[in-house]
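My questions all concern the structure below.
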Amino acid sequence: MILAKVIGTVWATHKDEKITGMKLQIVQPVNLDYKPKKDFFVAVDSVGAGVGEIVLVVQGSSARQTELTENKAVDATIMAIVDKLDAEMEK
Amino acid sequence: MILAKVIGTVWATHKDEKITGMKLQIVQPVNLDYKPKKDFFVAVDSVGAGVGEIVLVVQGSSARQTELTENKAVDATIMAIVDKLDAEMEK
Amino acid sequence: MILAKVIGTVWATHKDEKITGMKLQIVQPVNLDYKPKKDFFVAVDSVGAGVGEIVLVVQGSSARQTELTENKAVDATIMAIVDKLDAEMEK
Amino acid sequence: MILAKVIGTVWATHKDEKITGMKLQIVQPVNLDYKPKKDFFVAVDSVGAGVGEIVLVVQGSSARQTELTENKAVDATIMAIVDKLDAEMEK
Amino acid sequence: MILAKVIGTVWATHKDEKITGMKLQIVQPVNLDYKPKKDFFVAVDSVGAGVGEIVLVVQGSSARQTELTENKAVDATIMAIVDKLDAEMEK
């Protein structure tokens, strides 16, 4: 899973039937100090994360292993809101 | 899922039977301001997206989770046409 | 799927039983103008592509979704020979 | 699988039901001499690895192939604690 | 599949039950002339490859498609020993 920040939302009325009703959030991966990296992608939100929150995103086929995303055309899912972390990069 | 722009089409008469009849679109990933990144790949179109449209592309095994692509040799599928997005990269 | 050129063949007599009889081709990803990129990998050929041909390669679990590669230890399959494409990278 | 060092832990009370009770460890990939690389990600611990230990991490759908992680929204799992390795990078 | 050289072995007594008895080899991807690239990872050996041999490694869920690795927490498997290859990078 990767650490990311929710930075916004995508709207798409014309989409595959199976993903109707899902919230598509834009997430930006972050470092351990929550400083953003330079990329972003779109993830389905399964935990009600709001913009600005630090979350964990699961990718690939495992992104379909939540009740909301089972058998859906989804390759990234927000599956946890991070309370805190205790770690420091080693050099 | 990633944000991309449809920039063209590929024709292939000689192909695996299971993908007959699918439209193979060339997509170029874009930034949040829709400015293109420097790469491209080929995705099956499941939503009727035209050249120039901004879309969401699902990759990996989840690309097979639409009615059109089920059990097909497809690793990237356009599964939504983007209406708008509300997000800004953090620095 | 990615666009690539077939540049050669690998021979391996000592291999997993399940891939016996498959042709292992070396492919080099190319740009939209068919100019080669700087990497390569090995793909099973499901469409009879010859050296020098431009093909589409499907990767990951979807590489097992052809009759030839079903349930095989294969993570990349040539699934189409490209006739032509109509697209231009945006800047 | 990749070689990594456990450098910390993430806490998340608000998370997908299916991952309740799993320990989320932060791992930093390392070189053969155990010197850290510059990235990190989050993995579920299936072997009781402590901070500072060198481990093997399995990614993708295979991360769900332990008793603990079966059918869970998990894309990275610590599946072994490394005792020693005998290898040298070739130049 | 990618072309790689076996450069060593990892020992791990404390590991997920399902991978007991598998040989964990360290592989370094190589170019067409067998010159090593700058990265490495760990793969299960399904063909009895020794250190110094050039092999093909299958990754992702397809790494579980050998008799040895079926349903195991394995994301990379050595599935062939390369006899020879006939290819040249295009520029």
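The letters A, B, C, D and E name the chains in turn, as written, and every chain counts its residues from 1.
We take it that a contact is a pair of C-beta atoms (placed from the backbone, for glycine too) under 8 Å apart; a residue touches a chain by one contact, two chains touch by 3 or more.
Small disclaimer: the values here were computed from a predicted structure and weren't measured.
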item	value
Touching both chain A and chain C (chains)	B
Chain labels contacting chain C and also chain E	none
Interface sides of chain A and chain D: same vs different residues, half threshold	different
Chain C and chain D: spacing of chain centres that average the CA atoms, whole Å	31
For chain A paired with chain B, centre-to-centre distance based on mean C-alpha positions, whole Å	19
Contacts with 2+ other chains: residues of chain B	60-61, 63
Sequence of chains encountered when the ring is traversed from chain B in the direction of chain C	B, C, E, D, A
List of chain D residues in touch with chain E within their complex	1-3, 32, 46-48, 56, 58-63, 65-67, 77, 79-91
Chain D - residues contacting chain A, complex	5, 7-19, 24, 26, 28, 36, 38, 40-43, 60-61, 63-64, 71-76
